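The structures considered in this document are given below.
Both of the next two complexes hold chain A, though its partner changes from chain B to chain C.
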Partner chain A sequence: MRAEAVRAGPAAAIERRPASRTSTLYLFAVPATLLFVVFIAYPILWVAGQSLYVRSGSGASSFAGFANYVTVLGDPTFWIVVRNMLLWGVITIPVQMLIGGVLAYFIERHTHALRGFFRTMFFLPVVTSVSVISLVWVQIYAPYYGIAQEYLKHVGFVMMTSPIGDPKMAIYALIIVNIWQWTGFSMLMYIAGIANLPSEVLDAARVDGARGWRLAVHVIVPMLAPATKSLLLLGVIGTLQTFPIVHLMTGGGPNRASEVFGTFIFKQSFVLGDTGSGAALSVIVLVVALALSLLQIVTLGARLTPAGKERP
Partner chain B sequence: MTPLARSRLRSTVIHMVLFIVLGFWMIPQVYMLSIGLRTPAQAFDAALFTWPVTFDNFVTVIRDNPLGGIFLNSLIVTVATVAIVVAVSSLFAFACAILRLKGSLFLYTTLLTTLMVPLASMVLPLAILLKNFGWVNTYIGLILPYAALGVPFAMVILKSFLEDAPRELFEAARVDGCNAWQTYWHVALPLVRPALVFVTIWQFIVTWNEFFLALIVLTKAEMKTLTIVPMQYSGLYMANPGALFAVLTLIALPLILLYVLVQRAFVRGLLAGAVKG
Partner chain C sequence: MRKMLFLATTILTAALAAGSAWADEKEVTVWSWFIQSTMDKSIAAFEKAHPDIKVKYTYYNYSPEYITALKAAAASGSLPDVIGLQPGSLTQQYRDNLEAVNERAEKEWGAGWAEKIFPVNRKQMQMGNPKGDKNYYIVPQESQVLCIWYNRKIFEKLNIAAPETYEELKAAAKALTDGGYIPMFQGAADGWQNENVFLMLANQFSPGIVDKAQAGETPWTAPELVEAMKAWKGLFDDGIFQQGALGAHAYPTGAQLFAQGKVGMMALGSWWMQESKFPPPLSEYVQNMEGFDFFYMPPVKQGNTASPPVGGIDIGYGLTKNGGRNPAAWTFLAELTNGVGLQEALNDLNDLPAFDGHSPKGDITDHVKEMSARFMTDLPKAENQRFASPAVAEALDNALAGVAAGSTEPEAALATVQAATEKALAAQ
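For the complex of A and B:
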């Protein structure tokens, strides 16, 4: 975010008007502010406050300090969730970037007539309802009648049960579904980045003898850094809000092995009705998200927009 | 080999590889359609394709289920959300980028933090808030939270477009006697059209497919949206995968078709600089 105020000019002239009319100009900002206050800020403050209270059996709540946090952090499931979220982020984000980036490179630089076709087809999983996707993949993974096991058998990969029914494999099986659904998004962000590369730089690199692999790795990849940073930032937030795929495919099981923050919060808050620890969990996720985002913005200069090139 | 022949060969190979990768990539969708087109006898075959195909499943599920009503619920929630997001975020972006209202930069930065908030951490407080408002099982109970979560992203993009627009145009509008509202409507909005189109399409996709909050807020059958009904059908049609996958295909289809129709404008908006910071 740049300092806007220093840039004066014609626009500043619009501002110079009688005070009575200036105040009506604030109406432009009121709706967004109201939505933010009522549906974002207030709920966050409420959940932060609620995380400090416990509800007794009779329904009355009493102040409990950090008791909810102690309970949550002492719950072994919490640490399974942390491990799963780490795996999720560490696998999903780079794999999506890699596949998405390679697809974007070949589609953008080596196709012409079919460019729109490829861009659209690889993006379709993103626009397909996640609940539909989840049920289709349950069927794919299923033993006996699912196609994954049937076809993997031919390449010597034999499974006895559904991978989502196996505590060791469940989280990886879910990660594959997530990667499949969102790679098209990474691809499109990189396509935007590649299409906006300044042609002078590419021409200069070509004159210097960089082509093919070397052009891609030494010139294009570094120049796509803004898109990569945005994808990293969006990937971290996306990881923390993972819910539908896990909820629909394993429900966090078997035996809580594939539990993620979303399903854990859902269970504590809406299945068990324990709003205290649900609130504490919500706050933890929120703090982790804000901390990781700020860390990236400060250290990498990442942006919160989908991709990006440096502005002049 | 001449350079021309070599480049032609390379292009052919790259296209072939892309088609092969795409073939694998499309397996889940092809599989879904394929099961939907099966007879009960073939439904549990462990194969990607079976023959012959039948449309009986589609006829059955359309006849037996109120898909039209569910579709309408999704449409109402989505269209209203998109309209609010576009209106509210463009007004706010105009206040920040063109009017430069005092304090608007602070507000902008504050609203930006929304982008870092995972929905998972908002579901519990929003559920309580909506319950207190009496908005459980209402359209408005989804529309306003969706709008609040969508505005910051749209606002970033529209603000960046407005800042890149030629300032002389706004100056000229002022000289011609336009007030702020007229400048917003007649100058700013037409200038950022590609961005508005991009924001509209993206917000449409996100809202249409949102699952977590819809699951919590919509519990009455007649209020449910398309994304949350597949779970019910997976129980209903447990012994009849043909019907289940027919209904899943029908649920996924509207947005896929819509995206295919608008993808050109969507990508154009993205390339035109919806991607700037």
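For the complex of A and C:
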């Protein structure tokens, strides 16, 4: 019997498991399933349900079908948000990956005694409180009395306005802060990837004459593809989740110029008390996040583990 | 065995005694954004007067923590007994979760209790109520009057007097800028500070016009409001506000610079006096408010008078449905708004009282007493600073930012506020 099971492989062994053992195995999945249902599935369904209701001035809720979705899609602010989110994703994700990758490469390949120091320094903004970061950057951007101005005045440059106070510049000013904060995370992901590169492949590439730029671009970068895919996936999700830095620095202003999904949903739901519109916006963001994640998995594959560590 | 029995009896008796003492002590839960150190003093005074009641206070930052915590607690029916509120939109959002306080207040303070509250506060207490609803869902604790604070030591140093005309204001701003100071710090990234200055300007052109506009009795595009919007833009263009004001925050940046003596003027309110009660070290300007005094916005156009006082409720409290089932909760609310709790807040110079007949006591200088008295003289005639609909306030914030940035014309900006007002009134 045992010999047969071994010969037939694991699939056959599972088929022959007694029913009671199978039930026991399912029981192990119950806690995780319960947590998922209570803390993820139910809230999502509740929000989806709320998106179909409108609240009148007297406080009574009534079923409104897709009216909230129509209202939200017809609001010009929604399209400002979409534009800002696109800019955010298109600029921050590649720039963070590029700078993070370059930093990781140089730290891992060209620093020895100070490797730990550089890793820590570049990672520091990631673990710093967003409140502190926003306070510091508001001061950096401030004209006349700001930190940047203190240095710029030595080269005769006077900042006339704050970039976060200019409707045309505000979103870019926030994107710079976001890149500054999160580049350390990209660096760390790439450091993990580089540390896991199989040395025999690198040695073989060197024997074949690959050095410096060629080695980096044609050997190391392709082998870091899993880390890049992970960063892309996390970057898209992170973009859609953007909230604290914008809320604290501009509040989505001036005149909604730097509004993102997070601040827009917050204002609709908590400041204006329009829970229906806020819920409709949340559902739209959820659908967009799901669609983009699926698209990435389909087009780029789901292998997100570091190179050389894939399970057999 | 006998020892064991004795031990068990002792433990049981002790547990019962402790349980009975615990059951005798009533607890009141309170949430607010009100400054913790002052609230602690109010609670200590209350608990001294009512030793059988224990107050459990939870402090939140106003946004986003407090308003999200309220929303979540309201949805799950777990609001505390007493919640901090602002009149108008915030109170209205939670009206269904609040007890009307009319009967309790009448029983506590007598039939004419509402008359003891300053008129602007009384008006704000029912702001946004459905037509015919004469209930009060908020009890105000403190009032405020908006004004322009100035650093009188810097003014003396530069030989500037408190401005009485717009030309004098411009000249003062220029002298301050030339002297290396920030002229008037405006945290224009904060909607509330922009609203406050606009209210000063609008009420100067026509007292009460913003109230009429938000009630739909006057269009937002009325000439007086357009003029006020142009005057608002002028404050940026004429160098009265600092460069880059649109990216600046009043708190903490502006307030810190002002307290440190790097700013000449700032549009704040009567609450600024509390700076002098903060823990040391304090700057020479903040110490006993020695460096500060206030004036109202000078007439920005010939024929206008200086801005009238604008203000109203700084903070109030509501009794939740949960609090309605806990008699101790009303006892605390009453003391906090018009009793020993209020007195502690006033002694801390947190702001002005909402009920008439109170004044700060304790270690307060003559200069502070004099300023406090001037505010108290102005409070009864103050114009309303609050909005009934958050959507209207939000639209005005965006309009003010758009005009200040030069991306919108005053008329077009005010038309968007008008549209928001019509929508809000239709929803009511």
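The rule is short, and it goes like this: the second predicted complex is superposed on the first by the 259 of 312 C-alpha atoms of A that agree within 3 Å, B and C clash if a C-alpha of one lies under 4 Å from a C-alpha of the other, contacts with A are read in each partner's own complex, and residues count from 1 in each chain.
Here is the rule we use: contacts are C-beta pairs under 8 Å (C-beta built on N, C-alpha and C of every residue); 3 or more make two chains touch, one makes a residue touch a chain.
Note that this is a predicted model, so its numbers are computed, not measured.
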item: Partner chain(s) touched by A:Phe123 [first = chain B, second = chain C, both, neither]; value: first
item: Which partner reaches more residues of chain A (counting touched residues only), chain B or chain C; value: B
item: Which superposed partner A:Asp166 touches (first chain B, second chain C, both, neither); value: second
item: First (chain B), second (chain C), both or neither touched by A:Phe270; value: both
item: Partner chain(s) touched by A:Gln139 [first = chain B, second = chain C, both, neither]; value: both
item: Touched partner set for A:Thr250, first chain B, second chain C, both or neither; value: second
item: Touching partner for A:Ile40 - first (chain B), second (chain C), both, neither; value: first
item: Touching partner for A:Pro31 - first (chain B), second (chain C), both, neither; value: first
item: Overlapping contact positions on chain A, where the chain C interface meets the chain B interface; value: 135, 138-139, 144-146, 247, 266, 269-270
item: Residue numbers on chain A that touch chain C, as the complex places them; value: 56-59, 135, 138-139, 141-146, 159-167, 170, 247, 249-251, 253-256, 266-267, 269-274
item: Chain A-touching residues of chain B, taken from the complex the two chains share; value: 10-11, 14-15, 17-18, 21-22, 25-29, 31-32, 35, 44-48, 87-89, 91-92, 94-101, 104-105, 107-129, 144-145, 147-149, 151-153, 155-157, 160, 167-168, 170-171, 174, 179-180, 183-184, 205, 208-209, 211-212, 215-216, 226-231, 234, 241, 244-245, 248, 251-252, 255-256, 258-260, 263-264, 267, 270-271, 273-277
item: Touching residues (chain side chain A, partner chain B) in the complex; value: 1, 4-5, 9-15, 21-22, 25-26, 28-29, 31-33, 35-36, 38-40, 42-44, 46-47, 50, 103, 106-107, 110-111, 114, 116, 118-140, 144-147, 149-150, 180, 188-189, 191-193, 195-196, 226-227, 237, 240-244, 247-248, 261-262, 265-266, 269-270, 275, 278-279, 281-283, 285-286, 289-290, 293-294, 303-311
item: Parts of chain C lying in touch with chain A, wherever the complex brings them together; value: 63-64, 67-68, 71, 89, 92-93, 95-96, 130, 182, 188-191, 242-249, 252-253, 257, 262, 390-391, 394, 397-399, 401-402, 404-405, 407-408, 427-428
